[in-house]
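Below is one structure, written out as structure tokens; comments come after it.
Should a chain be cited, it is by its letter among A, B, C and D, assigned in written order, with residues numbered from 1 in that chain.
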Amino acid sequence: MRLSKHIWETILPFLEIHDVRVNYGEVEALRGATLSVNEGETVAIVGANGAGKTTLINSISGLNRLSSGSIMFEGQPLGDLKPHRLPELGIVQVPEGRRLFARLSVDDNLQLGAYHKRARRDSVKGREEIYRLLPVLQDRKDQLAGTLSGGQQQMLAIGRALMAQPRLLLLDEPSLGLAPIVVTELFSIIARIASEGTAVLLVEQNVSRALALSNRAYALQQGTVIMEGTGQELLNDPGLPAAMLGIAAAAKE
Amino acid sequence: MSTLMLRTTGITKRFGGVTAVDSLDLEIFENEIVGLLGPNGAGKSTLFNLIAGALPPDTGRLEVFGEDVTGQPAHRMCQRGVARTFQIVRPLAGLTVLENAMVGAFAKTRSVRHARERAEAALDLVGLSEMVTTMASSLTLGHRKRLEVARALASQPQLLLLDEMMAGLNPAELDPFIEILRDVNRQGVTIIVVEHVVHAVMQLASRIVVISQGRKISEGLPASVMSSRAVVEAYLGDDFAIS
Amino acid sequence: MSQQIVNRSSGPIDPMVRSRPLPKHSLLIGFGVVAIALLAFVSSSAPVFYGHMIVMTLIYAALATSWNIIGGFAGQLSLGHAAFFGLGAYTSSILFVDFGISPWIGLLIALLGGATLGLLIGIPTFRLRGPYFALATLALGIILLNVAVHFRELTGGHVGISLPPTEGWGTMTFLNRWQYVVIAGGYLLVCLLISGIILSNRFGYQLAAVREDEEAARALGVNATRVKLLAGTLSGGLAAGIGTIYAQYILFLTPDSVLGTAVSIEIIVLAIVGGSGKLYGPLLGAVLLIPAGQLVLREFGGALPGLHTLVYGVIVIIVILLFPRGIWGMLTDTAALINRRRKHS
Amino acid sequence: MTTIQILVSGVLIGGVYALLAVGITLVLGVMKIVNFAQGELLMVGMYLTLLLHTVLGLHPYVAFPIVVVALFGLGAGIHFGLLRWVVDRGHTQQIVLTLGIGIVLQSAALMIFGGSFQSLQIEPFRGGSIVIGSISIGTTRLAAFVVAGIATIALLFLLDRTLTGKAMRATAMDRDAATLMGIPVQRVYLITMGIGSALAGAAGVMLMPIYPVYPTVGVNILLIGFVVVVLGGLGSVAGAFLGGIIIGVVEALAGFWLGAAMSQIVVFALFIVILLVRPQGILKGDTV
């Protein structure tokens, strides 16, 4: 059983991003990034602002068009799909800034998370599970999403994405603008999601926590991968602070 | 340092419940290049909007050369010599490169001939003189950013506010850009740069101000500021220094 | 200090580098005068239908050109431009019929009235963005239409106003058409000249900046409110003036014929199809669409009423979907492309 | 005529305005497009009702579902063929495109049906009017009002309680986020435009026995529709319904006291004042 699963994985890698370039107009936001995520793995992407982290995540979820390169999910090229088809496959993104449906209730936001057919069947049960995982939402299920606090909103954004029954969860700057105590809670929830077998691709400003949480990590700079390794390896790399502050460019030149 | 060019006193701006700029005091002297740093959402762009008159402050006072200019609209601030660029570049897409720069030049002159001369001089300075007839909409980002600077320069500013002009530039574009800004500064224009490309700011700025959550957390010479614990924490997360 | 930047300017400007050569105003006047003379000659001998077509084309071209100042140059979609047109038509006609004041003086008063209305409307409405400005101007047109319907003693209500056919230059009334060609053509020329002068001056650059990005324009020292108001004033005044000429040509006014929403929409259609924001765009739109409409109307008007507006509507849809910069814009884009290809090869 | 009588007829005609305005506000709220062809869609609905009556002898109220479905198809078709391409463009192009669509529909109606006013006389039911005290209520008007009320409630139910409706609201609030949740945004737009047109069709059916049809009948009603939409708060379905009734009453009262043209002046002056003072609408609400 174990062996066959292993073979399966070698034949069809989970998420494979190969030499991806993305242009905004005539600007290259990604310049040939290559990385992968294995099933059930938590991978962090760190890097200075403008390094291309959000562009990368948006390319996976189909909000950006690739100029070249490929993104394959279990052997299927994602470029052929319309973006709204991805949740069906199991790829769901929690966008930067949460992007909740502010004037819909907490419960409605969760319900919309389970929009695609496969998830829709389990919508009611799914919501119960989310409320168990995130009890803070339970008490506020009829409240409008826009009236929640920042931390609660982030929990809801994650809960909404979980409703789609993701196999790969893309998290873009989940801790942005949150108080430290909420960040701690947030990361423990992410850890719990990951421990239940969902693969997580995490883009974070809070480098130390992101790296501590991840199995593997990549550091991006100006659209390419400049470091990769386990979370701990990157954390211990003396070059990391410089990379985070965008100083490594000077060293490399 | 010489004359005090810009001073904000207790300047504050709230959006809904969020205080984007929180009772901030800032002093900028003539002919300085000041780097304004801070993590995402620290309030840098809001501060620029306040200084440039794009937003009125809730409280606090803004002075240019000792004169109270609090609440002056954007076009008045530009005519007074405070020019700014936008974080997300805003070229006048339907106009040519030269026309874009001429709009800036018209802040100080009515004459088309003068405006054209000033615009061409500014475009020359940023290295766009070969592209004057190109439509702004078809420029690359690097060129758009230069155009944004040229347009601001054409208005003959005394103080230039540059909002993340270097983000997204590749290394080959970066160094010439820094040279251009040095050149501009040598000609007597005071500059404040908001920047994420920290190494560029370190090269460029004579002084650095770091803000986080709308407040000034550090200020001083580049090297000392960047090694300060508060700054590292603001950038890397609260417990980076410990781990 | 920053003066030094200017001093770096490298001598005289290479004429090849000019992005926008100064419009040749004298050339425009020359061409215009010759064209008007030619058209006047043609209209004096051509069948009535063609003479009428020429005059109507000139009138609508002038109207669309006046709209272009606020709608095209400044990018503010005015959906109520018939208000100015009708105001001008009614003003001079009432002054002429009720008080015996010459339409020439009426024309001047109409200009002033239209400009004042443009200014007064602009003050509150230019704060509105996007579709709200369009809706407000639309409502304004309807208000003026109903004012004309309501104040019957002055305007004749639905019945309208008939103007006396007393021929002569003093009364701006003629039995032949060539005089109207001269007057309407001359007025169009004035509208084009004013537009050309706007475009080649600071005002034009500032309007274009406001159209492209109002916030960026303000940051570049453009007093957006003031330039929009000035554009609205000029645009309204010029549209009102052509109303007087139209009234003296048709000699009969009803609220619907000069103040109707259909008139406002026709103006926009001409300008957008031709190319709004371009000096000659609205003129091109009028030259293409008005004769085409009149011809279709003559050929099929009896058998297929509505065909000519159907053609209009289809053209509008095609232009918006395929050439959003209008036909003039499409032509200049193509010309630029060919030019570039030639340079490369 | 007593003031109460006028008030009642104002409320009743306000129902038809509401029906039209609800369609405009829905499309505006979800797609951010001001649909200037909405009046012409109503006109098409009226002619279709007339046609079904004269050709097949269908009573308008029997023809109702046919017209509504047909108009849904027309609206969806307009989105698929035309509006789809301008969703991401500026307001000017969207407005001019829908104006063009309106011109085409109007011209087609003129070519097919001619320019004359055509009325549809139906068997008066319950004697044509219900008399309560000194007030007489026309049954066709009452029916129009009731249908408007039911349609509004049905739409509110759809938006508030069904997944499709919630997806419409979600798309209105944040298109990209909706896409990320797997909501097919273009299909949502198609449905929205279809429902918007179906509402115009419903208004057309109910208006046909009350009001004569002619090719430009939609123009004036459309403008009233805009007034209602702005009054009710852009994108608010309940606000549009309430706004329709308010405008119906204002128009009826002003018309009685000041005359028809003056009532139009009052209504549109009110419109401009609202736009300037509270562009978000008087009856703030945000159903969509």
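Please note the rule applied: a contact is a pair of C-beta atoms (placed from the backbone, for glycine too) under 8 Å apart; a residue touches a chain by one contact, two chains touch by 3 or more.
Model, not experiment: these values are computed from the prediction.
*Asks:* Taking a step as a move to a touching chain, how many steps at least join chain A to chain C?
*Replies:* 2
*Asks:* Shared touching chains for chain A and chain B?
*Replies:* Touching chain A and chain B alike: no chains returned.
*Asks:* So, comparing C-alpha centroids, which chain is the farthest one from chain C?
*Replies:* A
*Asks:* Report which of A-D and B-C is connected by more C-beta pairs in contact.
*Replies:* By number of C-beta pairs in contact, B-C is the larger.
*Asks:* Averaging over Cα atoms per chain, report the distance between chain A and chain D in Å.
*Replies:* 44
*Asks:* When the C-alpha atoms of chain B and chain D are each averaged to a single point, how far apart are the two points in Å?
*Replies:* 50
*Asks:* Using mean CA coordinates as chain centres, what's the chain B-chain C distance in Å?
*Replies:* Centre-to-centre distance between chain B and chain C: 41 Å.
*Asks:* Could you give the separation in Å between the centres of chain C and chain D, each centre being the mean of its C-alpha atoms?
*Replies:* Measuring from centre to centre gives 33 Å for this pair.
*Asks:* Mark out which residues of chain C touch at least two other chains, giving numbers and ranges.
*Replies:* none
*Asks:* Select the category (line, ring, star, complete, other) that matches the graph of chains linked by touching.
*Replies:* Shape = ring; chains linked end to end, path closes on itself.
*Asks:* Looking at the whole structure, which two-chain pairs count as touching?
*Replies:* Those chain pairs satisfying the definition are A-B, A-D, B-C, C-D.
*Asks:* Name, in rising order, each residue of chain A that touches chain D in their complex.
*Replies:* Checking each residue of chain A against chain D gives 61-63, 82-88, 92-93, 95, 99-104, 108, 111-113, 115-116, 120, 160, 164.
*Asks:* Could you please specify the touching residues of chain B with respect to chain A in the complex?
*Replies:* Those residues of chain B that touch chain A are 39-41, 139-142, 164, 167-168, 170-171, 174-175, 196-200, 202-203, 226, 232, 235-240, 243.
*Asks:* For the complex, give me every residue of chain D touching chain A.
*Replies:* Chain D reaches chain A through residues 163, 166-167, 169-170, 173-174, 176-185, 286.
*Asks:* Which of the residues in chain A come into contact with chain B in the complex?
*Replies:* Contact set of chain A toward chain B: 24-29, 31, 48-50, 173, 176-177, 180, 183, 205-209, 212, 222, 235, 241, 244-247, 249-250, 252-253.
*Asks:* Mind listing the chain C positions that touch chain B in their complex?
*Replies:* 1-10, 13, 17-20, 22, 200-202, 205-206, 208-209, 211-213, 215-224, 277
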